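Heads up, the next two complexes both have chain A, just with different partners, chain B and then chain C.
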Partner chain A sequence: MSTHDDLTPTNDLPGVDAPAPVRETDRPAYDDDHERTPLLERFPGRGSAAAWPLGLLGVALLVGGTFLSWSYTSNVLGDLSVDFYPNGVQICMIILGLVALVMLLAHQGPLHRLGDWLDTAAAVRILGLGALAYMVITLGIIAVRSGGLINVNPGGWVSTVGALLIALSGLMLVSHQSKDPLFAQTSSWVEIITIVVLLAAVLFGATYALGTSTGGAFSLFLVFAFALAWGLAKAGFFTWVGLIAQKNRQVLMLGAFAVAFLFPFTQGGSDENMSIATQVLIFAATALGLNIVVGLAGLLDLGYIAFLGAGAYVGATMSNSAFATIGWKPPFLVVVLIGACFSAVLGLIIGSPTLRVSGDYLAIVTLAFGEIFRFTMGNLDGTNGPDLTNGPNGIPAIPELNFFGFDFGQPHEILGITIGRFANYYFLLLVIAAIIILVFTRLNNSRIGRGWVAIREDEKAAEAMGVNVFGLKLFAFAGGAFLAGMAGTVKAHHDVSVSPDQYIFLESAFLLAAVVLGGMGTVAGVLIGATILKLLPEKLRFINDYRLMIFGLVLVLMMRFRPEGLVASQRRKLEFHEDDEDLAERIEEVHLEEEEAKA
Partner chain B sequence: MSPMLEVRDLVVSYGKIKAVKGISFSVDEGEVVSLIGTNGAGKTTTLRTISGLLRPTSGSIRFQGKRIDSVAAHEIVTLGLAHSPEGRRIFPRLTVEQNLLLGAFARRDNDVRTDLQAAYDLFPILGERKSQAAGTFSGGEQQMLAMGRAMMSRPKLLMLDEPSMGLSPLMMKTVMSTVTTLQEQGTTILLVEQNAQAALKRATKGYVLEVGQIVLSGSGRELLESDDVRKAYLGED
Partner chain C sequence: MTAFLQAIMDGLTLGSLYALIAVGYTVVYGIVQLINFAHGEVFMIGAFGALATWTVLFKGQTGLWVLPIMILGAVIVSVLTAVIMERIAYRPLRGAPRLAPLITAIGISVFLQEAVRLFYPGAKSKLTFPEIDVVTGSAIQVGGVTVQRAALFTIGALALSAALLWFFVNRTRLGQGMQAVSQDPDTAQLMGINVNRIIVIAFALGAALAAVAGVAQGLLNSNIDFRMGFLAGLKAFTAAVLGGIGNIQGAVVGGLTLGIAESMATQFIPGQFGGSAWKDVWAFALLILVLVFRPQGLLGARVVDRA
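For the complex of A and B:
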C-alpha cells in the first residue's frame, strides 16, 4: 500500500500521470522479515468503498453537532449551551471538520488531483482521531464540571459520533498519493496566498489561545492545533509549505513580522495578554541569540542567561532608579550598546581560554560562569565588594523608558486603538527580535556561516581547509553574548527590577530546551519552541508544579522520535538520520532541480 | 634558487615523546617529493606540523623563503599550502560541491567557479555526483574528493597524506596517476606514503623516515633501487 517510503519522486506537472509507485505487495518476500505488515493495514474493512461516504457523514455530523448545544449548564468552557451559536471550542471542531472534508474531497471527488500529491488517508485518520480525542476531553470536562454525563446535550454526542466516523473512515481509506509534494510546482500567487492564509491563521489562533479564559479551553485548543498540524503534516502539506516558504522567504519574513506587529491591536488595550507576549518575546529573542551559538557554531553554552543578565544589570545600574549606583546616565540607546558590549566582553573573557578545547569542557565552564555571574551580582552589595548591584535584593524601581517624549509606561492611542504599557515594550522588543533574526540569517548565509558548518562537521578538517576555527568560535560566542546583552537592557526596564534570582541555571536550561525543541539552526523553529515553552506555563497554571517533569518528558520523547526538532531543514534532518537513503536521495533530487532552475 | 619548502632540524613532540627527531628536507618548485616510512615513523606528524596544525618543539619551516612555523593554520592555507589530511577527512554530510567550496574557504577572489569546473574535469565522477552527500562515496571517490577539495585553494604546494590508504589497486592507480597530472599542471607535491613502490615511482626526490629520523634520501629511482629500501619496504630480499 502506498506509504511514504515508496513514493517515486517525479518532476511531472500536476495532472500528468506519474509512473505507478512501487507497492508493498510488489516487494520481494524476504523484505517481510523485518517489515511486518503494519497494524493499520490489517484494519477490518480497509479499502472498502464505504469508507469515503462514512467520512462525509462523519464530517456532516461533527460540523452539524457544533450548531447544537453541547452542554446543559452554561458555565462550562465559556458557554456551550446555546443552539445555533457555536463558541470558540465548537468552532475549532468546525475547522477540523472542514479540513477533513477537503481531504476527503481530494481523496475522491472534485479535488481528485490534489489527492495525487497528498496522503489523504493519513490526514483524515489523524484529523478524525484528533477530533475524537478533543470531543472525549470536552465531554469529560462537561461531565466533571457540572456533575455527570447527563449534562451533555445531544449536540455533544452528535459531534462525538461524527468524529468517530471520520476516524473510522480514515482508518479504512487507502490513499492514492503517487507524487512527492516536494516536487509540486505551483504558481507563485497560490504560494503567496497560502502563506498569507497560514499567517492569518497563526494570528487568529494566537489571539484565540491567549483569550481563552479557562485552562480547559486552552488545553482543548492545544489538542485541536496539534491534531490539525499533525494531520496536515502527515498528508505531506507541510513538506510543500516548507518548500514554498524557502522560495518566498521575503514574503514570509515580511508577513510574519506584519502578523507580530498587528497582534497588539487585537488586544483592545488589555495588558493581560500583552504581558505574556512581551515575556515570550524576550525569551524568544534570547533563544535566537543562543541559537547562533548552539545551532550555527555548534557550541554548547549552559550559562547563556548570564549574558542576558549582564545586559539587564548594565541597563539597571545606568537607569534613573534610586538604587542605581552608576552616576552616569547616558541616553537609553547608548545604554543598549554598552550593555551589549559588556556582555560581549564577558563572552570573550569566558570564551578565549575555553574555546580552544572542545565540547564538554565548554559546557562545564559556561555552566560555572552562569553561577559565578549570579553569585557575583548577589555579592556586590558594599559588604563584600563595591556597592554596584544592591546585592540579593537587586535594583528595584527602574523607571519606564522614554523615547523622545514617548513614555513607555503610559497607554497611547493609535488609530483609535489603545496601546497599553506592555504593548509599547512589545513593539520595542519586536525591533530587537527583528535585529537578532536579521543578524542570524545574514550570518547563516555568509562565508562565516559556511565556516561554522565546517566546524560543526569536522573541526580538524575545517582547520586544514583554512577555516580560522578558534576565531570563528569566539566570534559566535561573543556575538551571541552581544545580542543577549542588547535584549537584557530592555528586559531591565520591562521587568522594572533586576535581581540575581532571575538568572538561575534553570533559565539557561529552558533557553536551550527552546532551541532544541524548535529545531537547532532554524529561526521559525526556535520562535515556536520559545513560544511553547513560555506560553504553556502561563496559560496552564495547574501544570506549573509539574512543568519541569513535563518538559523533560517531552524533550526525551523528541530526542527519540524527532531529534531534529519541530522545524528542520531537509539537510539538517540528514544530520540526524544519516542512514536514511531515501531522504538523501530526495535532497539530492531537489538540489539538482534547484541547480537546473538556476541554469 | 631557494627551495619552495625547506624544513630544517625539525623536532616535534607529544608531551615528552619525540615523534620527529630533527629532520631536514626540502621541496623544490615543480617536484614530487615522497616521504615514505612505516607506521609511527613521524610522516603524518611532519605534515601536520608544516600545515600549522601542530607546533614544532624546535627547528624551522620555510615556505617560499618565509618562516611559517609559528603562523596560524588558517593563514598558512592562504599562503598557498594545502593539506589533504590523513584519512581524507571529507565532510560526510555535506554534498560534494559543498565540500569543494569549503576547500576554497581561504580564498577571497571570485574565480572559485572556474576551479570547481577544473576539479570536475580532473575527477569527472565528482561532477556527476556533485549534489550527493559525500559520506555515501566509496573510499576511492572520497580520496578524489579530498584531493579535489585541497586543490580548490589553488595551492602552490599540495601535501597529500597517504592518498592510497585503503584503496583497491585499481583505484590506487587512478589516484596516483592524478598526482602526475597535477604535477604536470604545475603543482608541487609533497607525498606521504606507506606504499613505497607507488610513491617512489613518481617521485623526483624521496626521503625514508624511520622512528622520527631520515635514514635515507635520494632521487625516487635511486631509492627504489637501493637495497635497504627494497628489503624494508618492498618485501624483497
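For the complex of A and C:
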C-alpha cells in the first residue's frame, strides 16, 4: 500500500486500506527482529577458530555417550542401562549427532563446498540446542522415574556435555553461505534418492513414534524430530527439497502413496496403531477437502463438519443397520455418491445466499449452519419432528462394509501379514484421500485454481479482470462439501455409529486448525497438521485434560508468529508479510525456478 | 392474547440479554472491523466473576446490597479479560489478512472456556448461581402474564445500560473520539485522537455490558457453566447483524427483535417444528434470511460487504 493512499479520504472505500496506517505506527513496538541478531553476534568467542574442533568434540561425545549406559535402573524409557547397545531413545541422538557432523564437515573440511549452499552455523546451533533440550528432558525423566540424578550413568552425562559443546560451537560458528540453495543444480538421480530417503525416514519415524509405549519416549521423539526438522530448515535444506519436490512431482506422489500403502504392513496387524492411523486419515481427508475451500478459495467455513456429518448420516440411514430409518438399501458405492451429492446440495443451499456477502459474514453463517445441522439431527427423532435420525441417540450398529465378498470387519492374510479391520478401512480411506489430493492438485493448477487465488487475494480486482467470482466461490464451497460428504459415508461405517454430538463446532475448529497449522493451500502441510492434531492427543495421554487449552493457545500463537503455517506455500507467506520486499523478490525467483523446473 | 403477551415478555427478557452482549460485537466491529468471536466467553467469564465475588466476599448473603458489588466484580474480570485479549492477541494482527484475527478469536474462545473449566473450582459441571433478594424469587403475575423478577432485572439493566451508553457515545469527549475513529481512523489520528486507546475502550465497553449480561443470565437461570458463552455469543452476533453491525442502536433493536422472534417461534409455530427444541434453529435461520435479504440489517450497518 503506498503512502499516497493514506492521503485520500478512505470512507468511500470502506476498509480497503483503513487499518494499514494504524499498523505502521504500531510496528516498531512489536517487531523484535531488530534485537535478535545482535545478541547472537555478541556471543563470546564468536568466529574463533576453536569453534569447529569444539563441535567435532561435541559430536564425538554425544555419539560416544549413546554407546554407554545412561541409566542405572532398566525400567526407564525402554532399557537405557546396557553398554554398547543403544536403544531407540539413544539412536535418535546418534542421528542428530551425525547430521550435526555433516553440517560441521560442510562448514570446514571435506564437504566444504556444501557449506557454500547451506547455513551450516545456524543448523549446528539448532541441532545442538535441540540435542541439549533432549538430553536435559531425558535426564529429568530418569531422575523422576528412578529417584534422583544419582541414577544417571556416565553415558548420559557424556552425551549431555557433547550436546552442550555442539550448541556452543554452533553459537560461535559464522556461516560462509554465499549461494542460495534455490539455484543449486543437482543431477536428477541425487534428487530422486533424496526424496526416497526422506520418505523412508518418514515411514520409519512414524513406525517408531507409534511404537513408543510411554508418553515420555514419544515426547522425546517429538523433540528430536522438531530439532532435526528445524535445524535442516534453518540450513536452507528444505528450500532445496521444496524445489526438487516440485521438479519430481510424480516421483514424490508415487513414493508418498507407496509409503502410506506400506504402512499397515509395518504394524504387524496391531489394531491399536491402525485405529489411530485410520482416524488420522479420515481427519486428514476431511481437512484436505476444507483446504480447497479455505486454502485455495479463501472462504472461511466454520461449519465444515456438518458436511461430513451429512455424508455420515446418509451413509447410516441407507445402511443395513437395524436402526436405519430409510427402507432403501442401495449398494455402498451408490450410497457414497448420494451422500456426496446430498452434502454438495446442502453446500449450494447454504452457499448461494451467503457467498454474496463476503468475508466474516460467511464464517458466521457457516458456523450457524453447523449448529442448525446438529440441532436438526438431534431433533428429528419422531417427537420433535419426523423420525429420520433417531435424535440424540443416533444410529448405532452400522454393519461393516462388504465389497464383493471382502468383509471389512474381518482380518485378512496378505503375504503372511495380518491385515486387521482398521487396516482394511485404512486402505479404503487412502484411496479416498488420494482422490481428494488429486482433485486438489489438479484444480490448483487449473484455470479454476488461478481464479480462486485471484479471488482470495483481491476479490474486486478479480471481478474486474473477468473472473466469475460468485460462480467460482460457489463451486469451491459445494465441491468441498461434496468431498466431505464422500468421506462421511465411509466414516459412518468406520465408526459403527453416528450421533449428533460427533459433529459439534469444536470439530470444525479442529479441521480448520489442521489447515492453518500445516499451511493453508498446501497438501503436505495439511497432512502434517492433521497428523499432529490427531496423533498428539492419542499418544500424549498425560496432557489429555489440558489438550483443548493447549490447542487454543497454539492457534493464537500460530497466528501471531507464523500465520502462514508450518509448511507455507510461498505465495501465502507473502500475503501475510505484505511489506517484506526481499521476500517478494525471492518468491518471484522461486516462482521462475519452479516454472523452469516444470518445463 | 395472554399467550401472546407472555411470549412478548419472554422475548423481551431474552432479547435484553442478547442486546447487552450484542453491543460488544457491534462497538468493536464499528471501530476495527473485527468480529470478536471470543466475546461470548467474555460474557461467560463475567458470570463467573460475579459468582467468585459472591463466594469470596459474601457467601451465604442474599441481601440486595451485594448485587452491585457482584456486578462490579463481574465487570472488572470481564474488562480485564477483554483488554488483555486485545493487547496480546488482536493488536499485533491489525492489518493482517482477515482470516488471521478470526482464527485467533477461535483460539482465544477455546482457551478461555478451557481455562475456566480447568481452573475454576467445580466448573466442570454446572455451578449454582446465588439467589439474591428482590431480583430472584417468586414470579410476579401481571394480568395473567408471569414475570420473573430476574427478567425485570435484565430488562432494567438493558434500559439503564443503553441510556448510559447513549450518553457516553454522544455526550463525552471519549465517545465522540470513538465515533470519529469509527468513521475514519486515519483522519481521527491526525486530529490527535489516540486510536489505540479508543480501541481498548471499545473492547472494555463491550466487556462491561457483557459482564452485566453474565450476571443477568446467572440470575435468570440460577446456574452457570463454562459452555454458556458459545451459543449466547453466536445469538448475540446474530442480533448485532440483525440490527446492522457497527450500529449501537441497531444492536439493541436487533437483540430485542431476535429475542421476541425466538419466543414467538417457540410459542406459535404449530406441530412438530414448534417448541423449544427448534428455537435455536429458527434463530439461525433468521440470521441467514437477514443476510440474504437485508445484509445491512434493520437499522443499517456502518460497514457492509468488506472483502
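Keep this in mind: the second predicted complex is superposed on the first by the 551 of 599 C-alpha atoms of A that agree within 3 Å, B and C clash if a C-alpha of one lies under 4 Å from a C-alpha of the other, contacts with A are read in each partner's own complex, and residues count from 1 in each chain.
By definition in this document, a contact is a pair of C-beta atoms (placed from the backbone, for glycine too) under 8 Å apart; a residue touches a chain by one contact, two chains touch by 3 or more.
Since we're looking at a predicted model, the values are computed, not measured.
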| item | value |
| --- | --- |
| Which superposed partner A:447 touches (first chain B, second chain C, both, neither) | first |
| Touching partner for A:458 - first (chain B), second (chain C), both, neither | both |
| First, second, both or neither for A:367, with chain B first and chain C second | second |
| Which superposed partner A:468 touches (first chain B, second chain C, both, neither) | first |
| Touched chain A residues, chain B compared with chain C | C |
| Shared chain A contacts, counted only where both chain B and chain C touch the same residue | 458, 460, 575 |
| Chain B to chain A touching residues, read off their complex | 51, 53, 72-74, 76-78, 83-85, 89-95, 98, 101-103, 105-106, 131-133, 135-136, 149, 153 |
| Chain A to chain B touching residues, read off their complex | 447, 450-451, 453-454, 457-458, 460-469, 471, 571, 574-575, 578, 581, 584, 587-588, 591-592, 595 |
| In the complex with chain C, residue positions of chain A that touch it | 6, 9-11, 14-16, 18-26, 30, 294, 298, 300, 302, 350, 353-354, 356-361, 363-365, 367-369, 371-372, 375-376, 378-379, 383-386, 458-460, 505-506, 509, 512-513, 516, 520, 545-546, 548-549, 551-556, 558-560, 563, 575-576 |
| For the chain C and chain A complex, residues of the former touching the latter | 32-33, 35, 89, 91-104, 106-115, 118, 183-187, 189, 195-196, 230-231, 234, 237-238, 241, 272-273, 275, 277-278, 280-281, 284-285, 287-288, 291-292, 295, 303-307 |
